[in-house]
Amino acid sequence: MENSFGRLFTITSFGESHGRCVGVIVDGCPAGLIITEEDIQREVDKRKPGVGTITTRRVEEDKVEVLSGIFNGHTTGAPICLLIWNKDVDSSEYEKIRFLPRPGHADYTAFMKHGGFNDFRGGGRFSGRITATFVMAGAIAKKLLSLINIEVLAHTIEIGGIKAKPKGFEEIRKNVWGNPVRCADLKAAEEMTRVIEKVKKEGDSIGGIIEGIALNVPVGLGEPVFDTLEGELAKALFAIPAIKGIEFGSGFSAAGKRGSENNDPFTIRNGEIVTVTNNAGGILGGISNGMPIVVRVAVKPTSSIARSQETVNMESMESSSLVVGGRHDTCIVPRAVVVVKSMMAVTLCDFAMRAGLIPEVIK
Amino acid sequence: MENSFGRLFTITSFGESHGRCVGVIVDGCPAGLIITEEDIQREVDKRKPGVGTITTRRVEEDKVEVLSGIFNGHTTGAPICLLIWNKDVDSSEYEKIRFLPRPGHADYTAFMKHGGFNDFRGGGRFSGRITATFVMAGAIAKKLLSLINIEVLAHTIEIGGIKAKPKGFEEIRKNVWGNPVRCADLKAAEEMTRVIEKVKKEGDSIGGIIEGIALNVPVGLGEPVFDTLEGELAKALFAIPAIKGIEFGSGFSAAGKRGSENNDPFTIRNGEIVTVTNNAGGILGGISNGMPIVVRVAVKPTSSIARSQETVNMESMESSSLVVGGRHDTCIVPRAVVVVKSMMAVTLCDFAMRAGLIPEVIK
Amino acid sequence: MENSFGRLFTITSFGESHGRCVGVIVDGCPAGLIITEEDIQREVDKRKPGVGTITTRRVEEDKVEVLSGIFNGHTTGAPICLLIWNKDVDSSEYEKIRFLPRPGHADYTAFMKHGGFNDFRGGGRFSGRITATFVMAGAIAKKLLSLINIEVLAHTIEIGGIKAKPKGFEEIRKNVWGNPVRCADLKAAEEMTRVIEKVKKEGDSIGGIIEGIALNVPVGLGEPVFDTLEGELAKALFAIPAIKGIEFGSGFSAAGKRGSENNDPFTIRNGEIVTVTNNAGGILGGISNGMPIVVRVAVKPTSSIARSQETVNMESMESSSLVVGGRHDTCIVPRAVVVVKSMMAVTLCDFAMRAGLIPEVIK
Amino acid sequence: MENSFGRLFTITSFGESHGRCVGVIVDGCPAGLIITEEDIQREVDKRKPGVGTITTRRVEEDKVEVLSGIFNGHTTGAPICLLIWNKDVDSSEYEKIRFLPRPGHADYTAFMKHGGFNDFRGGGRFSGRITATFVMAGAIAKKLLSLINIEVLAHTIEIGGIKAKPKGFEEIRKNVWGNPVRCADLKAAEEMTRVIEKVKKEGDSIGGIIEGIALNVPVGLGEPVFDTLEGELAKALFAIPAIKGIEFGSGFSAAGKRGSENNDPFTIRNGEIVTVTNNAGGILGGISNGMPIVVRVAVKPTSSIARSQETVNMESMESSSLVVGGRHDTCIVPRAVVVVKSMMAVTLCDFAMRAGLIPEVIK
């Protein structure tokens, strides 16, 4: 069940980049949830950075289809199969480099693990395109979480060294999907866009940092000692290609702090226990403490670059070089924002169900 | 199964800090492995920073007992139960602060999640003491991995802002367990020790960073798309209290790099495909690529400090303050080093079994 | 993951009787297995009792499509999605009886469990049609098992009180798929056919017993103490609607035997340890002992009958009666034979993989 | 996780017959359940047929100890470890027959599966003694189920061909634990006792049938399509050594019935939908329908008999014979009654938790 995630709200991803389709099964979704193909399509469209701002020309692509589990506008309690057919794509480029693993990509490990039988076209099962299946599942999770007022946000906070200024939740909600880099700080967004264009011209690529935030998470989600909120969120987020680091709350900076600085004092606000600061990122002992869940992930620079790179021929075992052709994102951070949000929603939905917060039937 | 981890090599932890014992069940261990209580004791003793250097006075504590699964010096294929009896401890201190959650600790979330029925004494199930169960399981994993030449190292690379100089594997092997801070850079180790002493005098605490390294991991461990090597290692390591961040290879620094810098070119060395650099930390597409697995975790400063802290009384719902009494580690980084190593071993052992590298019976 | 089965060779079923499709994801299949849509189609066609004997007119229906995981004629190691589109069907009959649960069917429990949101058309998720997804997965399992010489047979041994005479494996192989009731005893098969026709005329239905046999299963499959061979096979087979009993070897008759009769003495044949008799059905302590695995399942009479039956209106909570319209099998035993075979194959394949008998890559 | 069972209420069994102990971890039990060692002891004592009737001399044996998870008389939400220390036993008898597998026992399969490293003394991990761990877990499940009024009964209905007359629930409750064969029909109980004594004198053994009944199970427990109530109960019950068959409701007899006889008509009683008959054994489509769950299991005759049996020497690979020494139950059916009840309770408890009927915290 390597391709499945979640204990009670379980998603199973399938499909390849240049195969017939990419799809996902959502098993364990309560019956009675009102959901439409449009609800899911709207999330999937957010993987396309241009949409809603610069251009909408690709909206017709990646059309979501519901194959099972939704009937008369409601979920039925049966597994929900969601699918996107792949358009006919030219895979000839990949035939040429079949034995030349692209540095930074999974070509070499996939070839070795699957004995050369892997579908290598477009990265096959390891393509970023697979994250569209995460987003489809996330759209359902989002709807379920909205029933208990949990909201998940995500935004770009750094690209190519340009850091966004901290912004409030309202600005994040308002600004993120309206600019191509998914950044709430519109001024930084412009700079990031310029950096991306510059790096693109140089035939290179860049990475960045995405922050995810979950609001109104009640106290008590997460399970000691192994199914911690941090552990499951990390596992969910490392399923996104290119993510190489994750931190919660003060994260790596906590390593250099004193306990007296990093501990979040408790206080009472509006009759409820809260913490004055949120260095814990909303998680104590692996369990949500009622404060916003704050997570940041490091996205490495896109592995595909338009420059010649050193590699080897896996068949002849000789040194070689290759230039990765085709159109590639200079920076995949913007595309990954909705994916981070989706995997957070899937994880929190699973924990909410474990905690009995979402019933078997929605009425 | 919140207290279980691993698909084929499965560990189940139990016990509380001030209860009768802490223990672990290791299920799925092949039959025929030669292992003794001493093999396990040796690893457990590494959780005590003083051992082997400053003092050995606590060696008699934490004695490992084998309750099942080992017979005539070999594992039998049946579940292995390993246990450490807790010594009689004075829990009166904890009775006093039962309703006063210590900032940074899981007292508040445990109380809320378990409706106040949690064993609060000494942190109960959320105590660092629980990691002794991880180390016992790790000792078995270590033995299994040694059969296929996989070796796991871990060392402190930063404490309280003091960074260790990069050291080779040989120095790490030689130096780590001989100094109280588990650092391979002996000069830095001295500075770290001094910082810890200074902070201790101030009644405060500090955190740091631990690096884990796995050597000789064959190409192909890790499963797309959810059971990635990064994802499972992260889940395993976030089970260690106080860890708030994790990164692989170039990790967070990759966010600021160009693809042309961060991609690891392939080349051939001694007839085998290797990468020239190791920014990927030995993992591509969630699968090991044959290079050393390199992971770093951020450890927050110990939550228990000898200063007055703001908190609330969960019963009366009034503001309060507390001073955490008793003896506490100023820095838990040194203790956590063997725990990081152990959880890495457990995770890699599970993946090695999934890949069929370790047979059902060791001959 | 209620719709998933298997630890390493995992199948996830989806789809409804009158929805768009029925399908299955096979996750964990090794890469490199040569398999075609025809291999799978051939098994699926065996669910249609008429095929190969009385008529082949329905062969064009239930066409299997591969959506992912197979590339250039080989499995790739990625999840395999297999799907059958449903033909346009008239569901109006079901609209009428939406609130009138059919006795013996899951209409009532499905309605209650899913709050009336279940897709009730044609039994929805509880239809026998779902077993087509088991057969598709079984076709892949069969191919994998053939690599290690394991063969699974199934045949009807009783219908409507008519018992088949015991037949050898060769006769079972030869005769089963050539007669409409899937019985190796051709004389009994004729009688069974006559009984079915008679009962059909009476507007009633009948049940029967199917025997499954697995040959060349090596010693050692099955895991103590919960994942026993009997336990997992039972779980797999009870997923088939209408199965209400299961027994292994001498089964229920063992309850009336003496130990001296029922124990299978060990002896040596051709240098190998075997048992003289096989009352154990090839399983001792939940583990295969090298003898043929023998299992029998009781199939209840088809719940749909052409007679008026007592029921209640779930909406008005009044007594009612209903006559189930449409075309129904008088006896579903013949259709279930290939399904029993398929679920046995899936289960054994999973155990063979756990035992390391099938590698990650088929070469 | 072969030694674990249950998705949310998970039990993990460990220990061997002649090792240090047998034990179980119960993970997922809600916090706040009031439970004492006596509650658990009382169930474990029911495994000793003599207790309460003929003799109580063995009451001091098999003393249950709580090692974790219970604090101040309540469960804490942490894993509960329950353990019984083994008394010093003489294993010399087993040393002698180490290479002579006892017919009907798991000696041969255990030896082969675990490469001869298995703890063979007293059957090791395959001993009936392991079922004491199921009973300890069942005692906790029983307490949880009592909170939602679910009651589980079990009783012997056949031994050595003697069949008990059907009895009402009240008689079962009243009579079962007061007679050594655990039969509600006291007249049949006497006959069964006589048969057991007769067979014992002949140096032979006999089997029988146990019926389990669950009352007040609400509609809706059980999950389509694989985690059916029948499937999970079957898996749970096949973990009990010596069980070789299982049936629900009319079970195997349904194979010979007509649909018009076997279908249970629906009607309304006291404002609730019920079925007039209960051929379904309380389960439709794998889901409870509100009627009593009725399951019957076939127990084979005890494999250990006091007669010479044919076997082989696994070391020398020569034919041999053996007489199993020591004290053995002529019929293990009476001992197994509480085990059947316990495993049913464990399974239903898990399903009740999946259905959200038991909260995370008991108040």
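A, B, C and D are the chain letters, set down in written order, and residue numbers restart from 1 in every chain.
One rule holds for everything that comes next: contacts are C-beta pairs under 8 Å (C-beta built on N, C-alpha and C of every residue); 3 or more make two chains touch, one makes a residue touch a chain.
Note that the coordinates shown come from a computational prediction; the quantities given were computed from them, not determined experimentally.
**Q** Taking contact as defined at the start, I'd like the list of chains shared as neighbours by chain A and chain B.
**A** Correct list: C, D.
**Q** Select, from B-D and A-D, the pair of chains that is joined by more C-beta pairs in contact.
**A** When the contacts at B-D and A-D are counted, B-D has more.
**Q** Among the chains here, which has the CA centroid at the largest distance from chain A's centroid?
**A** With centres defined by C-alpha atoms, farthest from chain A sits D.
**Q** Provide the C-alpha centroid distance between chain B and chain D, rounded to the nearest whole angstrom.
**A** The computed centroid separation for chain B versus chain D comes out at 39 Å.
**Q** On a C-alpha centroid basis, what's the spacing between chain C and chain D, in Å?
**A** Going by mean C-alpha positions, chain C sits 27 Å from chain D.
**Q** What is the distance, in whole Å, between the centres of chain A and chain D, each centre taken as the mean of its C-alpha atoms?
**A** Their C-alpha centroids are separated by 46 Å.
**Q** Please list all residues of chain A that touch 2 or more other chains.
**A** Correct list: 1-4, 7, 13, 78, 113, 125, 220, 224, 360.
**Q** Flag every residue of chain B that touches chain C in the complex, lowest number first.
**A** Residues 7-8, 78, 220, 224, 354-356, 359-360.
**Q** Which positions of chain C touch chain D when the two form their complex?
**A** Listed in rising order, the residues of chain C that touch chain D are 1-5, 13, 101, 103-106, 108-110, 112-113, 125-126, 130, 158, 160-161, 199, 204-209, 219-220, 222-228, 230-232, 234-239, 241, 243-268, 271, 273, 275-276, 279-281, 284-289, 298-305, 307, 309-312, 314, 317-319.
**Q** For chain A, which residues count as touching chain C in their complex?
**A** 1-4, 7, 10, 12-16, 19-21, 23, 25, 27-28, 31-32, 66-69, 71-72, 74-81, 83, 113-115, 117-119, 124-125, 360-363
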